[in-house]
Amino acid sequence: MLVLANDQEHNIEVNEFKLTSRALHPENTEIKVGDNVIGGKKLAIIAGPCSVENKEQILDIAKSVKSAGATFLRGGAFKPRTSPYSFQGLEDEGIDLLKEARKITGLPIITELTSLQYLDEFVENIDIIQVGARNMQNFDMLKQLGKTKKPILLKRGLASTIEEFLLSAEYIMAGGNENVILCERGIRTFEHYTRNTLDISAIPIIKKLSHLPIIVDPSHASGIWWLIEPLSKAAIAAGADGLIIEVHNQPEIALSDGEQSIKPKRFEELMIGLRKIANIEDREI
Amino acid sequence: MLVLANDQEHNIEVNEFKLTSRALHPENTEIKVGDNVIGGKKLAIIAGPCSVENKEQILDIAKSVKSAGATFLRGGAFKPRTSPYSFQGLEDEGIDLLKEARKITGLPIITELTSLQYLDEFVENIDIIQVGARNMQNFDMLKQLGKTKKPILLKRGLASTIEEFLLSAEYIMAGGNENVILCERGIRTFEHYTRNTLDISAIPIIKKLSHLPIIVDPSHASGIWWLIEPLSKAAIAAGADGLIIEVHNQPEIALSDGEQSIKPKRFEELMIGLRKIANIEDREI
Amino acid sequence: MLVLANDQEHNIEVNEFKLTSRALHPENTEIKVGDNVIGGKKLAIIAGPCSVENKEQILDIAKSVKSAGATFLRGGAFKPRTSPYSFQGLEDEGIDLLKEARKITGLPIITELTSLQYLDEFVENIDIIQVGARNMQNFDMLKQLGKTKKPILLKRGLASTIEEFLLSAEYIMAGGNENVILCERGIRTFEHYTRNTLDISAIPIIKKLSHLPIIVDPSHASGIWWLIEPLSKAAIAAGADGLIIEVHNQPEIALSDGEQSIKPKRFEELMIGLRKIANIEDREI
Amino acid sequence: MLVLANDQEHNIEVNEFKLTSRALHPENTEIKVGDNVIGGKKLAIIAGPCSVENKEQILDIAKSVKSAGATFLRGGAFKPRTSPYSFQGLEDEGIDLLKEARKITGLPIITELTSLQYLDEFVENIDIIQVGARNMQNFDMLKQLGKTKKPILLKRGLASTIEEFLLSAEYIMAGGNENVILCERGIRTFEHYTRNTLDISAIPIIKKLSHLPIIVDPSHASGIWWLIEPLSKAAIAAGADGLIIEVHNQPEIALSDGEQSIKPKRFEELMIGLRKIANIEDREI
């Protein structure tokens, strides 16, 4: 019943995974975004706040993470929130602020698409479109994104198997868009000390099964700022192609996810530590 | 940390659940659909095939379940499938066939909305719009459905807590649509004998916390046809307001979910058994 | 990979389950305990406090549950507690008090064995020996119990599959003791509103796969007193052979599990409601 | 409800964890076993077969892992198996063979205790006594081990929270034995590509909450031999104090767990790679 390809221990059902499988595409896929490449020797370091909150905040953070070594800027403009009464994001204004931050820092921008009504706006303005964990099996969205050529960051669903995760990537690719970046962001288990449980094994498994790049989100996987460092190290040691990390200049007053965000200074120190592990793994930061 | 209302053992955070909570709305909500009411004394019995496959199939099944006591007809026209290469439904033709079945049997029809591009079509033609488990936190869809007055069948996500489930209902209600029917359809656990694990406790918990009707889907909860009878009995004994059951005239050649579908004859026998339990619970079938 | 017997949908690996499987033993096993039978037409109703606390408490509760229809008395003497600093039970004194309660009420007594050093004492004094969820795979204990002829109440482990559960029963039977009563008591999932998630499907599955009786523990499965009634009803409707329910005369000051215990008066009312469902299922209370 | 100590985000309930908590014991605990120390700068590398099968096998493997850098020899003599009909280990003969391997290689030996009837034999002959995942909450065993002075390797239960894991260590320490080594070996989740899901976050969390050493078992956590390398790297990068790895000279004919064992040659290469990461983390192999 399990997915697989290129794997003696499990059954091979290559037909279901004809585009995502490494069996039919042995080389790693490298996705170009501006001057950057995701899936190559250099790790993708995506950093920024959970939500874009105001001009000063996003510009301040963008400059900090850029100087510390980040290669992409993240920031939520349209926020998918569990409660209808929670802050839903700055929306269009957030997109404008991200563009301004890009202009100043040169960092390509990534933000989450929550509705297809904004698709054209995103295709025009955003460098990498994120599909959130709760939309991993929003097949309508996957199909529409498959018709674009935009790089897509596809987050694993909270209770999705690796097989289902790859099949969602297959949806996008089947539409004609080969620029899919996978993101492991923790799965839901009985353990409640952490917000989710980072499935570190998913990294080497996906690297073996698929040619697509896979990055890790230690912020959502743990929900705790002091776990970001050890989980980031573990992710790179396990073979991840990059990280997406929540950085906030004032986590204590963040409008969302403050407790899982680190400050720019800590992010800078983190990069120094990660470089050493990256080098051992023959990667660069 | 848990949600709650009207409950001494847990904290009350009524503000987040102001529309779904029973604390502020002590009476059961009864939702009228044609001549039927969901959430009243009479149980809602929704039956039909996983997918609408052709005219003969849907008419045949519709007549059978009607005569056995079903009060609504289900049938998938747009199918959300894990793989892009699986049968995706008859789409518009499926809607037309459902309408024809309604015309002949008088049964209101329910089918799943998978894309907002079909929203107007659904509002015009369908009696109850289903939000599938994978779209339970598709907040964009919830918001748009909140602007209609259509009854919505909201399925619980595979790994969604009861709190999150009610908050998704709150999204729809916050938009102005009070006609929400909840549906427990099994959650994902380590146990793999069944496709999912029916969370039977969710029924009495939701009845206590909320005034909204809650029904049970024993077909998806188990994935095994011979479990439908005992799980249906258990659901009614636990206080469910209805059931949604997959019935197929030829499960062995069904285009989807054949192994969890029962035949019309068995459905008829099931209804007889369920009536006895319903009567004890002061309900009717 | 799944266990099974007598089941077309799954592989049959009868050799691993040669003693527990219904395939090789089509008739239900009925286990005699004094004048009672577990697994026959009459449901086993086991009731009593989580812990035996003092003479007055256990005698009071024993008389109450007896008059309300209970057929067995439960009560913990040796308590397996998560913390070493929690109340560990009255130990030997608890056993003596249970015996006294049996003498006065005539109810056979059931209590948990936590150490093999007490095995002889239990075999001599106790009517049904309980193996707790945390010892379900204490294979040494299972082997030793297999050498006795005592009825064993084997609770399902918190994260044990149905396959593993039956294999633990197989351990006891392989030792020569055929008197195994299975008990579904909830599994551990991501849902934390309840202490555990009652796997209601396990009842009909185990009835199909095995000839052994299976009962349900709604108290531990939910951890919430007001869920005992709906879960007990659901269990009987799904085919359970009995229930084990925590009853305490003063839950608010119980030394353990007070929040999941019901009072004798409520237990009495519960029995009245359950009798109706039992009758429909052609069972008796 | 969560455990904690020395942690601003959660409540501190130091009284329940008075012996395991770092709050009251800020320095790392270092456990001496012969000339080795677990919990110090040098990582503990425990290697060997799942089961001791015969003299040639265990001696052969012991010499290989010793020369590759292992500091302890593992091997099961008494095997806890899910089925009563599976190979249960060489038992006493296995213990003798382990002792012989120790004599020849000088490696301290570690093996699992499955019954208290062997406790004296283990205390006399074995260097580190392992408590298996299925016995993590066998409180009787924990209490008895607390009365010895032997180093105990305590494996986390399949569905045990970090809080419960530390409380089981507290049981041993409350008895007077401070020599507890914790072992993360994967938890049970819905993901079935791997045998279990390695909870990598548990490493830094336990290092923060407790002064006890924690090691990782990548073999049981994954069940797949080719995942041992990336998971071992990740474990060290996340701060683990050591590893326990299944090594077999002929995995294809191993009596148990062959698919998750690596060959001596691969183990040797693994050690070379791990040394680089250990050095970065200021540790030694």
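Per-chain numbering from 1; labels A, B, C and D assigned in written order.
Here is the rule we go by: a contact is a pair of C-beta atoms (placed from the backbone, for glycine too) under 8 Å apart; a residue touches a chain by one contact, two chains touch by 3 or more.
Quantities reported herein were computed from a predicted structural model and do not represent experimental measurements.
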B-D against B-C, pair bridged by the larger set of C-beta contacts: B-C
Centre distance in Å when chain B and chain C are each reduced to the mean of their C-alpha atoms: 33
Interchain centroid distance [CA atoms averaged], chain B/chain D, Å: 47
Multi-chain contact sites of chain C, meaning residues that touch two or more partners: 159, 188-190, 192
Chain contact graph, described as a line, ring, star, complete graph or other shape: complete
Chain A - residues contacting chain B, complex: 15-16, 80-85, 114-117, 134-135, 137-140, 143, 157-159, 164, 167, 170-171, 174, 188
In the complex with chain C, residue positions of chain B that touch it: 1-3, 9-10, 159, 161-163, 187, 189-194, 197-205, 208, 221-222, 224, 226-227, 230-231, 233-239, 259, 276-277, 280
Complex interface listing, chain D residues touching chain B: 159, 188-190, 192
